[in-house]
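Dropping a structure here in structure tokens format, bear with me for questions.
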Amino acid sequence: MLLEKGITKIRQEKPLIHVITNPVTCNDCANVLLAIGASPVMAEDPAEVAEITQRCDSLVLNLGMLNSLKKEAMVLAGKKANQKRIPVVFDPVGVGASSFRLRAAKELMEQVRFTAIRGNASEVLTLLHGEGREKGVDASEADSFGDDLPEDVKKELCMFSRRTGAVLMLSGKTDYIVSGAQIAMVKNGSAWLGRITGTGCQLSAMLGAFLAVSQGHFFQAAVSGACAMGISGEIAEGSLRTGEGSGTFHVRLLDALSLLDDKTICDNSWVLEEGT
Amino acid sequence: MLLEKGITKIRQEKPLIHVITNPVTCNDCANVLLAIGASPVMAEDPAEVAEITQRCDSLVLNLGMLNSLKKEAMVLAGKKANQKRIPVVFDPVGVGASSFRLRAAKELMEQVRFTAIRGNASEVLTLLHGEGREKGVDASEADSFGDDLPEDVKKELCMFSRRTGAVLMLSGKTDYIVSGAQIAMVKNGSAWLGRITGTGCQLSAMLGAFLAVSQGHFFQAAVSGACAMGISGEIAEGSLRTGEGSGTFHVRLLDALSLLDDKTICDNSWVLEEGT
Amino acid sequence: MLLEKGITKIRQEKPLIHVITNPVTCNDCANVLLAIGASPVMAEDPAEVAEITQRCDSLVLNLGMLNSLKKEAMVLAGKKANQKRIPVVFDPVGVGASSFRLRAAKELMEQVRFTAIRGNASEVLTLLHGEGREKGVDASEADSFGDDLPEDVKKELCMFSRRTGAVLMLSGKTDYIVSGAQIAMVKNGSAWLGRITGTGCQLSAMLGAFLAVSQGHFFQAAVSGACAMGISGEIAEGSLRTGEGSGTFHVRLLDALSLLDDKTICDNSWVLEEGT
């Protein structure tokens, strides 16, 4: 269920990924894409985004540090990507944190067809329920599903995936990837990934690269992306010596991604699959 | 005069810190907060900041790369923080560098009550005098006070602290922390902290975390924050080997912060205190 | 043809460099300037840029992630720099990628006199031809000139340099520096420089520092800047051990820049020169 030769294809085809994201993680997103062999472009002014997307192989939209101008740019870029039929990833960062973001997310969901949606459990479930933490799902509760997503939540996710046509990825200790009736659970990862900022944003950006070379195998591309990040996290954690912490982990994560190949993914992936 | 179990409390309570800062240092600020166990959120659009602040445990306002929209967001977030009675840190980056920033700083000082104000000597003295370098204090002169802040300046700072109700921190070779009549001098630190960008912004962000768990012991929280950064700088400097410079220092600083505990702070802090 | 004691002068004079750039690379630009001994300031609001430029020793304008407000700020800062007669560097990032950027670049070229223009081959040639990829030069073709810039292109560059009065730098496997009839080729460098984001932006920022201390020897300053980055890249690459990749390269590049001295540049520079 991995994308065959995913990393090899990315390194050969060097897909150009348009990422509209936030100042906190944009440097890391660009470096992660370069590390796996893709090319990033981060334009975000409404005056040029459609023209930029036009030349790209996939688009990644990230809600972090949203503002009105960027939302307008995301709609324009998203529509162009749909028109050009290239994959579009949505990362609804903090969608439950303000009504401004929730409204923007709803508008984006209405205006743009997404190929994949990636967030933590509470973010994806907030999108699904169309309401924030106060009225709907509690973030900490949702995030604590951990290894054990309840059956009714799985069914809701499958329906949400069918309704939107998007592959869903809920990142956490276990990553859940849902596409229609298919569910994969990726158990790779490291607790250190949560101790540096932006590894979620980076995974969404990487997802853009895997989807770009997937020739329509979106589910496999998403599973491969989750494995690539999880395994690189394991390699980085395994390299830490006494006195080394989150600074060194960050560096080694990028090292691991830049040296990653399909054999390493294949040999180390830990994926469980089920249908509903 | 250190905050008892400051780091332990941050790691246990995981306070949520709203930081409105600049693109140069926002990634570092987020990583430093995660390293010491807090959670960062960096929203800065006026449309959502009040709602974000509402959920946070403290707020940090940083003038770096100021623009009009961000200033508006800072006022809204600051008022909400005051209303919610959570600590607010002000970092008047480059306040003497333009009349735009000086006016914005004055407006913020009028509209928002700050729990702590942290900057280099010239920035804090520019705030105190309400005028920039041309007419008022000379930056390089002010910054060169070094280990020896003149008595009249100390008195002015004490009065400024009383008038504003804020703990003042003047960072430099020696960090001065002033609260009413109390003055502490933190002698920890490393010259390397000045050779990478944003360690001042990072200290302000960390201050937000220490204040959030301080239960009103703001002076002790500020002293602890200054010690935490200074000691981590010493650890990072001590680890440098031949051929290693500012890149490695940056990584090891984050390593040290992510491994820091209260015993290390207690055993290595070098603080002198005096009253006026 | 190197600037005599370039790095020494930067470390002694600590020139203040105003950089208007993009969120992806602004942190790296600031750290690179600090590493070689200069001081960065990144203000970009039209309300304050002229006042900031007024106090600086050179100005660097970078088109990455351009927006309308930033373009306005660039014009204001550029005019102030011209008026104050300090060096101005232009980095036309992605100028061929959208008509918005091309128009902005043309406006900047009309309103501001540049001391140096640095980009990859396709960016500089797009500026030269005044049109983007679709109608004019093909980016990938231009970038593949590699070690062998055709004679007619060299002549065009010399004329473009004369017409604009700017030193041109085309970065690539070989860096071409063109000033009037003078052409220098810098062969220093590492393939790893292209595997992390923003090394072009960083070189442009560094160029601002070399020009600031050059006392009018702009061609030599540009050659020295290219050598400084290329040699630091070689040192960083040479330090990589098994399992280390782009994360470690990034750290070691900054290490090398922070330890760089004029003797290292002099002993390791690989520069060929020709006149036309």
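In order of appearance the chains are A, B and C, and numbering begins at 1 in each one.
Going forward, a contact is a pair of C-beta atoms (placed from the backbone, for glycine too) under 8 Å apart; a residue touches a chain by one contact, two chains touch by 3 or more.
Nothing here was measured: the structure is a model prediction, and the numbers come from that model.
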item: Intersection of the contact lists for chain A and chain B; value: C
item: Turning angle required so that chain A lies on chain C, C-alpha fit (0 to 180°, nearest 5); value: 120
item: Chain B and chain C: spacing of chain centres that average the CA atoms, whole Å; value: 33
item: Where chain B touches two or more other chains at once, by residue number; value: 23, 27, 250-251
item: Residue ranges of chain A touching chain C (in the complex, touch as defined); value: 23, 26-27, 30-31, 34-35, 40-45, 47-48, 51-52, 55, 69, 239, 250-259
item: Contact footprint of chain B on chain A as seen in their complex; value: 22-25, 27-28, 64-68, 94, 97-101, 195-198, 243-248, 250-251
